[in-house]
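Below you'll find a set of structures to go through.
Each of the two complexes below includes chain A, the first together with chain B, the second together with chain C.
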Partner chain A sequence: MKTYRPLAPVPPIAGRILDAQLHLLDRQVLDNDGVPVTTVDDVELSAPEEETVIAPGTPAPIITALLTGPVLGTRIFGGRPPSSRLVRIPWKDVADVGVVVRLGVSGENLESGWVERWIRDKIIARIPGGRHDPR
Partner chain B sequence: MKRVLGVALGILTAIGGFVDIGDLVTNAVVGSRFGLSLVWVVGVGVLGICLFANMSGRVAAASGRATFEVIRERLGPRAGLVNLSGSFLINLMTVTAEIGGIALALQLASSVHYLMWIPVAAVAVWLVIWRVKFSIMENVTGLLGLTLIVFAVALFLLKPDWGALAGQALAAAVPAEETASSYWYYAIALFGAAMTPYEVFFFSSGAVEEGWSIKDLIQSRIDVLVGFPLGGLLSVAIAGCAAVVLLPAGIAVTSLSQIILPVAEGAGKVGLAFVLVGLVAATFGAALETTLSSGYTLAQFFGWSWGKFRRPAQAARFHLAMIICLLIGMAVLATGVDPVLITEYSVVFSAIALPLTYLPILIVANDPQYMGEHVNGRPVNVLGMVYLVIILVASLAAIPLMIVTGAGS
Partner chain C sequence: MILGDLLGTPVHDSDGIRLGRVADARFTLDGDPQQLMAGARLLGLVVSPHSWSSFLGYERTGLTQPWPLASLLRWRHRGSFVVMWDDIAVIGEESVRLRDGFTAYSPALDEAGQQ
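And now, the complex of A and B:
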């Protein structure tokens, strides 16, 4: 029988503690202009390879990216979508986590915005007045 | 001075925007069958919508988050999607009913069959959503909707026996020729018509559209607390007119022309002209609000870019969703199904779906992470809990009562 080493105690951390479930999942993501981009569906961690022995003193995994994409189905009915379905938003692009997740980059070039861009370019922008500023 | 004008305008649009096809039809049906014996429900409903509209406005101003973003965050994707499906379908039903209402009102004004007016109404609704500024849209339809005051004027001109009316209203009892179950069925319908969830989606999203901050809250509170009860009085006047003219004549309301019959009798041709303008404005305004609400709910749940303050191209999925909703509404109406019937069902289904909307708002309004120092006070919470119980009871009782009474027939 395998015995498990007790986990190392949580190291003292300066600053805020985020609960992934409470503060990240399903949060609205805004770009640097405040335009909604998507919602957070999952979090990518820097995990070691599977089946490797984790040496004592290995630093804790860190968040490498927020994941989104058309994965609501698997989140509701269970299972795991193939990685190709997930769209990554690298953690270095995240500027702030509050009641919304703010990015420090424009949403225009993010991969997660392609559906919006497709509908804009193929349908909405072609209807007269589609680029009219209401203000 | 500008401040005073702003408040006055807000109150007037809140009154004019309060009544929609659901209120019109339900109040007239109830007035023609139960007199004023269900007026207390309008009071309960108006107090409830004041409470929760205010709360959702405060959530939007304090956190910048509209209702459905919050619903997904708090309930998670699974319960959130169930909630979205329910709210969205009922909202779509209301969109259909409102567009049908515009077409019926235009039929009354023009004698051209309402099916011919449906595409006109739907395209007009879309054009306004596509092009017109949010504040202008709100103010114009709200002010024109004020012409529905003619129902109150007509009630006075009909010179009813006020003592008898007050007696019906104060000593509420089930009329002899009606059953208790249909009385309670219509009580739920009236409650659902007054507290329709779309008003909350629209109110909180509108607060984001207009960029409210905490400072604007006082104005919105006055608008709601003065405007909605006065709008509720309009509802009562509609029921009163029906109770005075239609109840003694034994006419149970099944069409829009019967709803305006007492106005024609009391206030003549001028009254008729006013009521037709009011009907078109009220249904048109509500069609705009419900169509936008269907876009809001979808966009906020899925995290799309939304809002009329953006160019349509900057909120592409939001605008496409609304176009599709209008097309579906048109397709349903094109089958020839009676818009008044759709309305009657939509208010009862609204009542069933009420807890889906109001529970998450109450939870978030108590969450300091979103609200900071602006969390609910104790009196508001007590009142909120009382209403939650009422809402739950109404929601659970609606379907059994619908089956027992054969949908009130």
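And now, the complex of A and C:
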């Protein structure tokens, strides 16, 4: 059986470390009031799309946005929705990454919640008693 | 580029020898200061020789419990390593190629999820 030699640790880095699978993907996203907004389905990077030879010294890609969208079908059957169908939450709106991802902005104005807002305004609000809190 | 396209991509060295697949991407929050949090810069990729993706991250922590699960998952991710961004020559959805003489680092994180 092949044995693996111990590897050297990564050189010390000043900033906090985030591993995408461990710390970001599938985490719940809360807005600045603690209201659930969505989950992190994917992450968009500033790297080029196609296979590109990277010149030495090229600055590393950065996270430009968290992505969310209709991914249930593609999670089951494979692939991913077209990029145009994914909703972007800009990285500059992210306030903290912990057990959940917290935003520094209100979720009411984010594109990612439009389905919920549409159902609230067009369907729930027309049901008698649907415009106020239950008592 | 969408990160999900990169995860699971085969990784080859400069001679074309297959080293594994991209299991994860490691970022560091040391980019330009922004309104709320610093920019997240890609530090490198976690490459796993035997599995398509990472699951629960046992290969990156010292956790040993629950013992059958920890041992099984650590064995499944044996030989995982981190390559830094500077050692990546080609990045894309079809394959990732590393530079000649790249350095493989340990993927281990400490208890706080840091290096």
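The criterion applied here is as follows: the second predicted complex is superposed on the first by the 115 of 135 C-alpha atoms of A that agree within 3 Å, B and C clash if a C-alpha of one lies under 4 Å from a C-alpha of the other, contacts with A are read in each partner's own complex, and residues count from 1 in each chain.
The rule we apply is simple: contacts are C-beta pairs under 8 Å (C-beta built on N, C-alpha and C of every residue); 3 or more make two chains touch, one makes a residue touch a chain.
Fair warning: this is a prediction, and the values are worked out from it, not measured in the lab.
Using the contact criterion defined above for the overlaid structures, shared-chain residue A:R75 touches chain B, although it does not reach chain C.
Looking at the shared chain after the overlay, A:I123 reaches chain B, while chain C stays out of its contact range. After overlaying the two complexes on the shared chain, residue contacts for A:A14 are found with chain C alone; chain B is out of touch. After overlaying the two complexes on the shared chain, residue contacts for A:R27 are found with chain B alone; chain C is out of touch.
In the superposed model, C is the one of chain B and chain C that contacts more residues of chain A. In the superposition on chain A, contact of A:R135 is made with chain B only, not with chain C.
On chain A, the patch touched by chain B and the patch touched by chain C overlap at residues 25. Partner chain A is touched in their complex by these residues of chain C: 1-7, 23-31, 34-44, 46, 53-54, 57, 60, 78-79, 81-82, 84-86, 88-95, 99, 103-106, 108-109, 113-115. Residue ranges of chain A in contact with chain B, taken from their complex: 25-29, 35-39, 68, 72, 75-76, 99-100, 115-117, 119-120, 123-125, 127, 129-135. The touching residues of chain B, counted against chain A in their complex, run 63-65, 69, 72-73, 76-78, 80-81, 130-134, 299, 302-306, 308-314, 316-317, 319-320, 369-370.
Remark: chain A residues 2, 4, 6-23, 25, 42-54, 56, 60-63, 67, 80, 83, 86, 91-97, 104 touch chain C in the complex.
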